[in-house]
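Here the structure comes first, spelled out in structure tokens, and everything after it is commentary.
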């Protein structure tokens, strides 16, 4: 394991200290917690927005705390859901009496821990709602789909919307609407290594790639010989467009996301092909995002996320 | 070689197409060139700002084209300086009659190619000036020092300053002043592989790190056993502070830069220690930047850049 | 089989011991069909549980069990944290105010725990989860005069039965058919808890000889 | 030794041939003390040079050499591009308007080229660069009645002399002492250019036999 860390058990705590040191203009860490909260929280009159999950996906989620985004992000251990007490602290810190919306990636652990936190909040009279993001097209069964990079679109769109005054009920609807129109698909070339275990989550031969890996290295749909960038772009994009049933004439936003160690150069090469394919299909690419948004430590590979845009979504995104 | 590319010979061209597709609101690619130019260029009344270098360092330099930053970035082949004709195209595209400042990283190839471009510009009556950034403390001889991540501070500070109206002479002075007060030092854990060759630039044992590697994998100062993050942070920071002769009571900005495949988590863990050490020394950390600014494809490791701030530099940076 | 506050404390101590001893093994079970952290997650949690209950002085089982549950909830994380946390919390509710767990209370407590597991995890028998241990154990105590050793055997069979099931819930489900020929790590840790229960009453009984 | 437009064209063709044949070797020389691209950089450039000069019809050497120079400048990049580009450009200036390079013009051209290399690269003899080939060659033609084969031998000696020097300029300088026991790739490619010159006049002379 070749990592720049101190004691592997302290990586999350030390990372959070680092984040707080750098971004103290925007956020603060709640005492004795793994919760990063926007400085202005609770914003009076505004619905609170909380997300979180295991660590190792940086900049998700702490990097998305701020105006027009999240009010708080809760960090679990590496690739491990945060616990309910932590999530509950975040909820309390951001509630201004207008209720709190929890944005959850669909992993059993996350779902259950956020559920318990919501119950704790309810017991103290704080109103919460949850939206479970299930954008990973790699899993056949819709209910079992994982929440991956598409989650960032939910943060952004709902973040802007609640800043503009949507109430909790409207925010939930918008969040579900966004989540319902976003799909992702990834490909991995090299695994990541969790600091505490020092072992890779999976292994691949020198000429293999895995289509559809999850953001903790969960198995994908197919393992096959590494293809060139254009083929990869086409395969990922087609799968996603197909699943989302996007047709000619529609508007989309696309995120080409790096999994951690993929050079920006490669992401742009992939995105170039995505843009070309969309143009050929007469699907309008209204907004592009290329970079690292939802990573898996030093995993190599990328994912493509498509969000079908309507006027509402576009107005909050752009 | 495990990369998401098509024909390795086309990586730069395809990357530039991708960048143009994504950032068309900000920049355009000059026809038949590897030059990306800000849409508003030439900005009337403003000194033009051009930088560039080999590709593979993304987001440098194309990612820094825009308001308060560069007017144009010239991309060479991977890890290879761009040619004078390309640089000259950039100069012509951004000159509004107020002259053009070239920001050059101190590599023989870059220096000579930019020199020739400046001569071409002179032959056509365009006034240019150059600032050569030599921030890499790893090289003993000051004249031979490489230009690395510190270059980004020059882009940002001079970019803001010329937007506010500095003339060419003032811009050169400010650029030299910035370059004179910035120093960097890196550590590498894993090499990168140039797509065309498919071979790593250097090799390291599983438990080794190299202190002071250049951004193309040039040798550093010392190869030694991998240390923990706090030790690495301390060694890099001390070397830089020492070289720059920063003393208690002074103000600095610090960039903790990832070399390509280092998780953000590790960068924050390093920066945490940097912030602590500075506090202990009573050096005021006024501005922190943590992330990937000057990469080397998928190299693993990080660098620390310190900029000594005075009122002028601070006013343009913050 | 009646359990005093001391018995339950001992149960938790033996549980912790077993989880620590099997920490690596539990994580190894979680490696091929999960993310290889189950033993470490529970290890972290039970270590805190015994610390917590040693610091306190309990007059009744409810308060003790609630501390166990809350500690697991806040220290384990992942899927196992809320599951075990919920199970113990629901049982604690049933045992509130009781200085002893009678057989009747044991049934009530386990019923509530299993109900909690089902609601929390939305899993059912045969989906290759810890449910495949808890449900047969509950069945057994509902229908029989409880013999600790039998209870342990039932738990063991339930754990073994997961080897051969295709996972439908949790991370293991992503492995589809590849998940089948493995023991479920959560089932194994649940078996350890019931084995610990058997051993802690047995030590007790031995002590009375 | 007088060189016609055709001779110079042939020189460039033979140069390209040699660079292409030695492309991998030149890059290998550049690997341990540079970035392993010297052969590929020059290969890319000379391929374009021969394409360019085949398309055009030259009446005099200056125009031909200027095209060679501009092509190298725009296609090679790195350190070698501006260096060779400058060298040929400066020589082209001296040869402007001349349909033949006389020995006197050859001296003037090479003087200008070496002057250009020095100004561009700020390197001097003994710093392990292509200068260590060009300077002895210039010395030789300044002081002798040029024999092509001797010129080639001088270039070869210059190239070999870099093995044992510690690099002071270019990427190789970062390798400090470790750069010493290697041939400089730029010196090797310069040797190839002079070997090509020797061979192209020799073919010519052979043709006249």
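By written order: A, B, C and D. Residues from 1 in each chain.
Note that in this section a contact is a pair of C-beta atoms (placed from the backbone, for glycine too) under 8 Å apart; a residue touches a chain by one contact, two chains touch by 3 or more.
Nothing here was measured: the structure is a model prediction, and the numbers come from that model.
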{"item": "Intersection of the contact lists for chain B and chain C", "value": "A"}
{"item": "Other chains in touch with both chain C and chain D", "value": "none"}
{"item": "Label of the chain whose CA centroid is most distant from the centroid of chain C", "value": "D"}
{"item": "Rounded Å distance between chain A and chain C, as computed from the means of their C-alpha atoms", "value": "32"}
{"item": "Centroid distance [mean C-alpha coordinates] between chain B and chain A, Å", "value": "29"}
{"item": "Distance between chain centroids, defined by C-alpha means - chain A, chain D (Å)", "value": "56"}
{"item": "In chain B, residues with contacts to at least two other chains", "value": "none"}
{"item": "Of all residues in chain D, the ones touching two or more other chains", "value": "none"}
{"item": "Topology of the chain contact graph, where touching chains are joined (line, ring, star, complete, other)", "value": "line"}
{"item": "Touching pairs - complete list by chain label", "value": "A-B, A-C, B-D"}
{"item": "Residues of chain A defined as touching chain B within the complex", "value": "2-7, 11, 14-19, 21-22, 55-56, 58-59, 63, 187, 189-190, 206, 226, 228-230, 232, 260-272, 275, 285, 288-290, 292, 295, 297-298, 300-302"}
{"item": "Contacting residues of chain A [partner chain C, same complex]", "value": "76-77, 79-86, 107-109, 112-113, 115-116, 139, 144, 146, 194, 196-197, 199, 201, 214, 216-219"}
{"item": "Residue ranges of chain C touching chain A (in the complex, touch as defined)", "value": "27, 31, 35-37, 40-41, 70, 73-79, 81-83, 85-86, 120-121, 169-171, 173-176, 178"}
